[in-house]
Amino acid sequence: MISFASENYAGVHPAMMEALTNANTGYALPYANDEYTAEAIEGIREVFGHNVEVGFTFNGTGANNYGIAAVTQKYHSVFCSDVAHLYVDESTAPEAFIGCRLYPVKSNVGKIIPEALVSAIKRIGDVHHPQAKVVSLTQPTEYGTVYTVDELRVIKKICTDNNMLLHVDGARLFNAAVFLGLTLKEMITDTGVDILTLGGTKAGMMFGEAVVFFNANNDGSLRYQLKRSMQLASKNRFIAAQFTAILRNNLWHQVANYTNNLAKILVEGIAAIPGVKLAYPVETNAVFLNMSVSVYEKLQPHANFYYWNTEREEVRLMLSFNNTTEDVEQFLTLLKTVVEQ
Amino acid sequence: MISFASENYAGVHPAMMEALTNANTGYALPYANDEYTAEAIEGIREVFGHNVEVGFTFNGTGANNYGIAAVTQKYHSVFCSDVAHLYVDESTAPEAFIGCRLYPVKSNVGKIIPEALVSAIKRIGDVHHPQAKVVSLTQPTEYGTVYTVDELRVIKKICTDNNMLLHVDGARLFNAAVFLGLTLKEMITDTGVDILTLGGTKAGMMFGEAVVFFNANNDGSLRYQLKRSMQLASKNRFIAAQFTAILRNNLWHQVANYTNNLAKILVEGIAAIPGVKLAYPVETNAVFLNMSVSVYEKLQPHANFYYWNTEREEVRLMLSFNNTTEDVEQFLTLLKTVVEQ
Amino acid sequence: MISFASENYAGVHPAMMEALTNANTGYALPYANDEYTAEAIEGIREVFGHNVEVGFTFNGTGANNYGIAAVTQKYHSVFCSDVAHLYVDESTAPEAFIGCRLYPVKSNVGKIIPEALVSAIKRIGDVHHPQAKVVSLTQPTEYGTVYTVDELRVIKKICTDNNMLLHVDGARLFNAAVFLGLTLKEMITDTGVDILTLGGTKAGMMFGEAVVFFNANNDGSLRYQLKRSMQLASKNRFIAAQFTAILRNNLWHQVANYTNNLAKILVEGIAAIPGVKLAYPVETNAVFLNMSVSVYEKLQPHANFYYWNTEREEVRLMLSFNNTTEDVEQFLTLLKTVVEQ
Amino acid sequence: MISFASENYAGVHPAMMEALTNANTGYALPYANDEYTAEAIEGIREVFGHNVEVGFTFNGTGANNYGIAAVTQKYHSVFCSDVAHLYVDESTAPEAFIGCRLYPVKSNVGKIIPEALVSAIKRIGDVHHPQAKVVSLTQPTEYGTVYTVDELRVIKKICTDNNMLLHVDGARLFNAAVFLGLTLKEMITDTGVDILTLGGTKAGMMFGEAVVFFNANNDGSLRYQLKRSMQLASKNRFIAAQFTAILRNNLWHQVANYTNNLAKILVEGIAAIPGVKLAYPVETNAVFLNMSVSVYEKLQPHANFYYWNTEREEVRLMLSFNNTTEDVEQFLTLLKTVVEQ
């Protein structure tokens, strides 16, 4: 059966699996003190700049919560889009580990609307109100759309104007960079991002994310915050080795380009099917369609994907590294048949 | 160089690595809804009994904190030994995630002293004092010693008398069962344990622990607590497959027996070296010796292990699955030479 | 100078001051175990029904957070209006003490819009999303408007349908009951409220609020939750004595009727001033007007009140027990003069 | 009936009651922005030095937790005596609000043993272990004993050596100063205390404590931390007015001197009763005696005080401002009679 459900359904990319096997040699210091970890950090610094600090976590929820907890005080607030993973998909981990208020900001195709952000940031200096400290945006967004560099700069400017920090949840960051045709540094470092969740799992790793701190207070506190987050791996070499593998020779670009392209092929095919419409612009490897429940149910025996929103009648198709053009073509045929019935 | 530093220095046991490779086939439902996870839970139920509930976590800190958080209210307290990993090695994760008071109890060779526990549990019904709810013990202890079944029953009796639950941190549980010559069920289920951290990483997994709930309130809350703990793996099949591998054909027994035996060989060799003394009874795969800093420093270039306690002049040697009898013999020769100098 | 800023600017109502003086006789058991407290609880039970549980707190933030923390688990969510005190005026106390997600719901004149609430409650049973448990509404609202009994029943029905509890922040509850012409029991107990913050301070007390639990699990946990909230007064008799005083002979009705009436007089006077408009219906002791900053600034040397919202150009006038009809008339004259300039 | 149970059983000192009545005049800004609060802060600065910051709270648990939360990060630890109020009498408020580990330190007559403190502070720089940040001591201690200036300096030296801050829980601070014959500044400011809980309630106030920050980072964060603690009083003038009253003309000294003297008279009388022994040195207004349960029970119908510790057979007699020499003499007669039976 075809699966466009999520990159989480896919297993591990062969290059990652090879990296895991290769790293399984002899002893290594635990808790991120090993040479694999040093090498991965060096790799990340080569990509993002040499004065970043890096912490590795097991998963994305851990990365987002660790990254934001590490830069906030107990009376702060965090602004994110009303559809952010942080806001709707991480249970109450933010309350437990960050302890700050999350304030949702109205979004358009998944992107924070700058005017809405500006009017949400309020009552600075008022002791009764949580004090604005972080804006967290998702790049690409939960709908697969991508903030342009100009859009990122607009958000960053709002942060700067309000003495706030910018966090990027980059669970699928590589796909955004490929879409923009930019290096990771151009997209992230140069637009002034302060904290980055650099996703590994959805790009094909077995597990593992990296949190990158730009311009961090180098007071050594980041590593204590990491341990407190319950995300410090004893055998961290196996997270690190995968990051080294994906950054080496721009493998990340190759994988993200591949899945973005599959999405394009899918979109082109859909354009030829009367009555099927895209719900959002397709910019990365996510394709959202408007689809009735009855069509969805007819497709389910043959293709696995999420019915995303019943009110708006949306489905989501995610293209992952182990999808093929055959999967896409087969799905298009199937869809055409069902729609024409 | 020989390493007796920790099982965390060792990589991944070949059978676990094979399980990871084999599990990397096709799609699988994410977040522990897959068939690998169902199989692992079934395996755990075969070992511990059919009405247990199981949650998987990335690491031991996550497992301990998830397991205890899931059964406590905000005004409760947890009693553990004064040398418990939970108390001295998990940063402030217990405060963030459990939110209960940890009260340390005096220990002997790592074991909670029952009389000390009884007198520590106090002021039941007094609103000003955290209310006693959980006893957490480590089996085997942080010193490698093992609670006998009778000792476990004494602690359980204290729990029952005070309407408390018994949690076991079993990061190295398999080694304890081998020492006692008992099945896991005899040691854990039959002594009345309520929550178990079943360690995988130290037994040779790449990552992954299981939390086993006995007699749990089946109100469905355990899985919400798990997600909140930031420990729910998207590709959980890779944790599950390792657990299935280690439980299958009693591989756990073979591995633990092997490392316990290496410790025995080490102890026998040490008995023949005048002036070197065991700090604690050796019952599993941990060997604590009294050793001066100067002897330790002479050994360091050739053998890697921890100087555990400077006040008491103790070192710790942990035997892991990839140590060999040659390692042990080589170390003994080395130690003899250094001591005789 | 006239003050319509807030009941917090007013001091203590003479009857409350007398109660404090009278309670200062001899010894009394501390921590709410005294006879004054028993008497106050009895008084509250006479008003709301005999099977309610009562806890006293120092202030409203303490009451709201204690009340909700006491009935929620760590993975729950709480829904309140987007202008709720709980959401915008209690710093991050909810994150620290409740630990649940607060989800804002769109409001109209301060009241939760039922359709918006229904669509906000979602993903029940989905481990990734905080699980809906409490609706918290403010009666009267932050804009002084009052939910009718029918409106309360609509919200309660949504709670029941979703297995949720209904919390009412009644910082100024008495004013709402007077407006509706109902007893407190008819308005609260009979509409199915589960937890009530019964405000004392704004009604004229020096300090003190009561949290009333209806249909509470009588497992004794409420008092541990209270102590944990740092709100358990050692000399609680002085909170209790004020509650007894305000409930006795329906003093609460007299005070609330008085301040509601002052607001009516103010509204009638304003109707006669061309160009001055009410921003919201005036139902209790709060009067919101649309007013330009320049008019506001001209009034400030003579009358103290808040510029509430700069975007919508709103000011708030709160009538408190120590305002007089003379205050109101004087203010109307002043306003007329300034507006006509 | 005589009551030596606790200052919390006593009501409000007449001078405090008068201050409350006098403060109840006209309007005052809420939330500690009023002139009464400014005056009280000025009064506290005159006593402790002009560069201290002050926050007011409702009660002692609030004060201790606010004061320590305001100066700690999420991965820190706090060391206090094993009998500290913070450790045994504040439920799990420290976990909820401070979020740091509390480590108990062995005490002698209520005082932290310096050598025990030194050996408890460990693993600095080790990510796995909570990082030592605050020592909290109680002056006078829970047993009524008083740290000398030299003893305070020894503890402060340990703090300085370890880059830690010193917090003093001074719920009954005035009694300690009277015993030492020192000004509050000599005892606290000059010994290097960093955060002080300055108790009001036990000294005769209706409610209210002050937290004094010495050498505080003046980044403005203290007031946000205060609001978050749910301890910011809307009508703070009534806390402030009591502090002004007790500090004016050294009323604090007069009250503490009076209760310390009552304790001395009690001790002298006890010396004359054969077979009754002091459990601890009596230095302030607390008198601990060794007493069998049967003697205690015979006294209870006539005199109210706590059976403090059943293991050690200790009772506690607290002398409060509304005890009299007659109370003491009557009790001595009673005790003599019962003991001689």
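All chains are identified by letter, namely A, B, C and D, in their written order; residue positions are counted from 1 within each chain.
Here is the rule we go by: a contact is a pair of C-beta atoms (placed from the backbone, for glycine too) under 8 Å apart; a residue touches a chain by one contact, two chains touch by 3 or more.
If you're wondering where the values come from, they're calculated on a predicted model, not measured in any experiment.
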| item | value |
| --- | --- |
| Chain of greatest Cα-centre distance to subunit C | B |
| Between A-C and B-C, the pair with more C-beta contacts | A-C |
| Centre distance in Å when subunit C and subunit D are each reduced to the mean of their C-alpha atoms | 34 |
| Rounded Å distance, subunit B centre to subunit C centre (Cα mean) | 51 |
| Separation of mean Cα positions, subunit C and subunit A [Å, integer] | 42 |
| Multi-partner residues of subunit A (at least 2 other chains) | 31, 74-75, 90-92, 96, 99, 127-128, 224, 227-228, 232 |
| For the subunit B and subunit D complex, residues of the former touching the latter | 74-77, 88-92, 94-96, 98-102, 104, 119, 123, 127-130, 311 |
| Residues of subunit C that touch subunit B when the two form their complex | 31, 69, 73-75, 99, 127-128, 131, 221, 223-228, 232 |
| Subunit D partner contacts - residues on subunit C that touch it in the complex | 1, 3, 5-6, 8-12, 17, 20-21, 23-31, 58-62, 65, 90-93, 96-97, 201, 206-207, 224, 227-235, 237-238, 304 |
